[in-house]
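Each of the next two complexes has chain A plus one more chain, namely chain B in the first and chain C in the second.
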Partner chain A sequence: MNINIDNSNGVTTANLEGRLDTPASTEVAPCFEQLKEAAGGTVVLDCSKLSYISSSGLRLFLALRKETSVKGGKVIVRNISDNIRQVFMMTGFLNMFEIQ
Partner chain B sequence: MYILDPHSEAIMDEYRKQRPVFRAAERAIVKRLRESLAETGILVAAVESRVKTEHSLAGKLELKGSKYKSLADITDILGIRLITFYLDDVDKVASALERLFDIDWENSVDKRRLHEVDSFGYQSLHYICRLKESRAEDEAEINMPYRFEIQMRTLLQHAWSNIYHDTGYKSGVEIPREYIRNLNRLAGMLELADEQFSRIRSELTDYRRRMQALVASGNLDDVPLDGDTFRSYLDLAPFQRLNQRIAAINQAEIQEVPLIPFLAVFKTIGCQTLGDVARIIKDYSEGAYQIACYQMGLTDLDIIASSVGPQDLCIALVLKNGGGRSGLRRLFDHLLGPSESNDMMAELLIEQSSSFPFMNQ
Partner chain C sequence: MNNTTDRSEKKILGMSIGAGLLLVIVAIATLEATGILQYVYTQRAIKKEATERAESELRGVNHRIMDVVNQAEGAVINNMWVAQWCLDNTDNLKLVPQRVLEVNPSVVGSTIALMPGYSKQHPLYAPYATRDIETGEIKNLSLATEEYDYPSQEWFVMPQTVQDGYWSEPYFDEGGGNMMMSTFAMPVKDSKDNIAAVFTADISLDWLAELMENSKPYPNAFCAVTSRNGQLMVCTDSARFMADTAGDASMLRYSAPVKRTGWTLTITIPEDDILAGVRHVGLMVKILQILGIIMIIIILRVIAKNQIKYKNLSAQKEVMQNELRIGHDIQMSMIPKTFPAFPKRTDIDIAACIIPTKEVGGDLYDFYIRDEKLFFCIGDVSGKGVPAALVMTVTQSLFRATSGRESSPAKIVSAMNDSMSEKNENSMFVTFFCGVLDLLTGQLRYCNAGHNPPVLIANNPQSDNQQTTVTPLSVQSNVPLGIVPAFAFKEQQITLNYDDSLFLYTDGITEAENAALDQFGEDRMMAPFHKKHDASGYLDAIRTAVTDFVVDAPQSDDLTVFVIHFLAQVDSIKQERHLILHNDIQQIPQLADFMETISNEKQLSQNDTMSLNLALEEAVTNIILYAYPKGADGLVDIEAVLREHSIEFIITDSGVPFDPTTVPEIDVTLPAEERSIGGLGIYLVRQIMDSVHYQRLDNKNILTMLKNV
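Entry: the complex of A and B
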């Protein structure tokens, strides 16, 4: 699981690549902590190369969303695959994020 | 350039020395006022403040310098203005000030009461204040031996006053009587508008209370479905039981999320009263649970949002009533915003629907 973080034009974009399962969630938690520092603005989670997400991964997304709510920013989830969209739908997470 | 007598010059000298005191007091008092208004829940449109400029004070002293023995006699060196949205909030703000400061009643004036029954014009409440002798610890560092003025008025009164001053008073030139008459007619109209705004707020508050009582008493068929009533209904956690049932499938934790977006969905579905929503919960909870069971049963997902219950209820209703793919697409468009991906989810649910027991009953 790889995350590349890019800051440009006031937008922080994290490009997620691989499977965000439970072990990977622990591994990338520091990256999400780093994203929280940008929670006052727009944080884009680009999931075009994300093939799987577990509950642990959803919790990372959720914690980031809570941080942006507190700091007045927002999270945009971009380019999710049909499989991940299904996971978002069955858990009700579709209503929680701006999905593009 | 002003020509001042020696007495007025002495006041000006004192003013120059004390100006930093007024400026520090301005910051501290405005901060305290904002905190106090927030604590009492009074929403104000604006808090304005200023320390009188040297130019303005000199003009005042040139006109009536002999009226003042010292700087302490001039009560508007520090002036603060609180602008409210509603007429009755002016009195609430005044009550808050009475608790915060000592009011010099002799020099305070309620200009709202100065008008005769047949006259209209400037309306504002002016308090001359002084910091209390025994004030809270966090205010103890405010050094402000002078009195200061706080004006309170509504946004409409403020607009009228500013325009009046701009057209007549500030220019120092007498303006023709017909313009004064027109301005005063406007003052009368704005007075009526202020009263109407307050009345509308009171009636809305009354409506909300009545609806809350009806919701609490369970007379849901008598409660029209709107933003206020739906919020009151959500306070009763109507989807909690369904969400808990869905969560139990995988022993999932439930993340509470705002459910107010479902108001538009229920209205689109045709609900007119809270009773209609309650019937959907009663009639389609089993279907919603079966959808969740089918989707989550083979996963290890152990986190759900509280929106899952109402979402699956709506899906069950659309499927059971033959809404098909287009009905589901419309549902997702309302709930998530229009997107081509909504088609994919609708298609997927149509495929799954033959496996939902409630669809075959």
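Entry: the complex of A and C
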């Protein structure tokens, strides 16, 4: 699991790559802490290379989303696969994020 | 209830206490009235008899008196002509009284007293003859003495006045006989029809006393003769005669006049004397009556007591029957009776019923689904009534308790048998059949404890006309429950196919008798199963068959029928895969490889693979994070069962008991700000899998999840 964070034009973009399962979520938790610092602005989670997500990964997404609510920013989830879209649908996450 | 009891207690022979008392009173009154009536009539008859006796005595006495009276009168009248003839010759005249005495022994004295001055020689002349009582010698005396002054005597005056014969008042003669006397006096007329003298004859009344004494009709009666003036002449008991007053009702008085003399005869009888007999009889009757009444009361009391005892018994019986009815209702309420039993399931259809006799029975059946397995049983307790009913409830409770932790029918039956034979002092036993049907596979494991073999109704897919193959299930009979402790029950197994049915019953069916005492039997029982029905259809068919056979004959035993219709499209196992993980979160990626293998074998879509991976990861993560204490080593056993149309994961751990299926649902419609962080994992498992079951068995958590693919 890899996350590359890119900051340009006031938009923080995180490129997620690989399987965001439970151990991976623990692994990438610091990255998400880093993203929370940019929660006052726009945070883009690019999921084009994310092949799998479990509830622990979803929790990271949710925590970030809550942070933007506090700081007045927003989270954009971009390029999710059909499989992950289905998980988002099941869990109500589709309505919580701006999906592109 | 108590009211009726009280009411019935107060009844004797169907009557109320009041009516019973009335009966006693009427009986007593009737007896009493009979007694009184008898007494009155007897008294009347006895009084009549007494009257007759008294009157007869009076007549007798009267006759005797008249004899004497007639003699005296006769003596005077017969010698009248002699007296008239001798009037002028006083010497001859004095011989007349003497002659009267000589001829008439009843006459004790006689005189012919001349009217004063009638004789020239004797201014007063009254020759008197008297009889000496002791010697009988006749003495000639004269009454013409100065002291006596006969012309003023009643006997001399009255005949002249009445111009006829006259009986004097009785008097005590001191001179002559020293006795009570009465005198008949008659005027003697001369040739010129003038009264020249008075001719008398005296009679003693002493004999009257004796006569009276002999004429007493009753010992305490007394007789009396009274004169014209009411003077007592003779009386057998003068003191009582004097004391007797007309108003005294206790005395009965009878009287008769003595002709010509002016005397009256009286017999006085004390009523006590007359009625002594009848009163004696009356007393005896009364004593007997009282004894009779006492007897009646005693008998009624005894009857009443018995009646009350009987009533109490029947009241108790009613209470008992009521309790039996309640017992029966409770019993029946323990048995699943709502059909269809599993309306949401398409893989199983059940119909069952107990047709009970009037009392509580010893038949039972039960079924329920646990872990996609149908646990079912049927049983028949030996004997009838309350003991059987109690054993039945115990049996059913044991089945529920035992089958909750055991899935092997032999283990269930063995455990039940051990419990039941442990304290079976009454030697009650239960024939019992227990089955566990795996609804996913059709595998039926069963164990029989001496019960009638169930009937297998196999669907024949090749048959166009809905024919079935009906055979008794092959069973080892083993022994009934409760007889041999620690008996090693043998378990058997077959596989049911789609649309097969199993018919279970108790011997109330096969032993149902018609009026001719023929038994219904197994052949008649199996006949309706040759045509295909659903579960309730089989039940109706067998009930109709039994009813048509038995008609009106009374049912002697509980009838229980129980039909299981298996409708699952059996998904046979293709493959099984096994994975064991340590409770280390770093092992989670192994699940992806495990799923990859399965996916390849089952040729699953990428979507299904990911979903199953996700569900599996969430379930396993939960165990790894929470089942074991921190730092303790533990295992997670994952078994994947791959079938034609489904994949099943059986995840087992030895950690602390935890049932994830009880975790509350999260609300996924809430906005992000209100969403909680937890609960997503279990939620996803539920969303992805088609069924999720948890059980705690042998200190293990077993989570079974199935997804149709």
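A few notes on this one:
Here is the rule we go by: the second predicted complex is superposed on the first by the 100 of 100 C-alpha atoms of A that agree within 3 Å, B and C clash if a C-alpha of one lies under 4 Å from a C-alpha of the other, contacts with A are read in each partner's own complex, and residues count from 1 in each chain.
Just so we're on the same page, contacts are C-beta pairs under 8 Å (C-beta built on N, C-alpha and C of every residue); 3 or more make two chains touch, one makes a residue touch a chain.
Only a predicted model underlies this, so the values are computations on that prediction, with no experimental measurement involved.
Superposition of the two structures on chain A shows chain C clashing with chain B.
In the superposed model, A:83 makes contact with chain C only, not with chain B. Judged by the touch definition given at the top, the superposed model places A:54 against both chain B and chain C.
In the superposition on chain A, A:26 makes contact with chain C only, while chain B stays out of contact range. In the superposed model, A:10 makes contact with neither chain B nor chain C. By the touch criterion defined above, A:91 lies against chain B and chain C together after alignment on the C-alpha atoms of chain A. By the document's definition of touching, of the two partners only chain B reaches A:99; chain C does not. Looking at the superposed arrangement, the partner reaching more residues of chain A, out of chain B and chain C, is C. Steric collision with chain C, judged by C-alpha atoms after aligning on chain A, is confined to one stretch of chain B among 116-124, 296-304 or 350-358, namely 296-304. Taken together, the two structures place residues 54-55, 58-59, 62, 82, 86-87, 90-92, 95-96 of chain A in contact with chain B in one case and with chain C in the other. On the side of chain A, the complex with chain B involves touching residues 54-55, 58-59, 62, 82, 85-87, 89-96, 99.
Within the complex formed with chain A, the chain C residues making contact are 585-586, 588-589, 592, 606-607, 610-611, 613-614, 617-618, 621, 668-673, 675, 677, 680-681, 683-684, 687-688.
By the touch criterion given at the top, residues 252, 255, 257, 261, 292, 295-296, 299-308, 311, 335-336, 339, 341, 344-345, 348 of chain B touch chain A in their complex.
Within the complex formed with chain C, the chain A residues making contact are 19, 21-23, 26, 52, 54-56, 58-59, 62-63, 65-66, 69, 82-83, 86-87, 90-92, 95-96.
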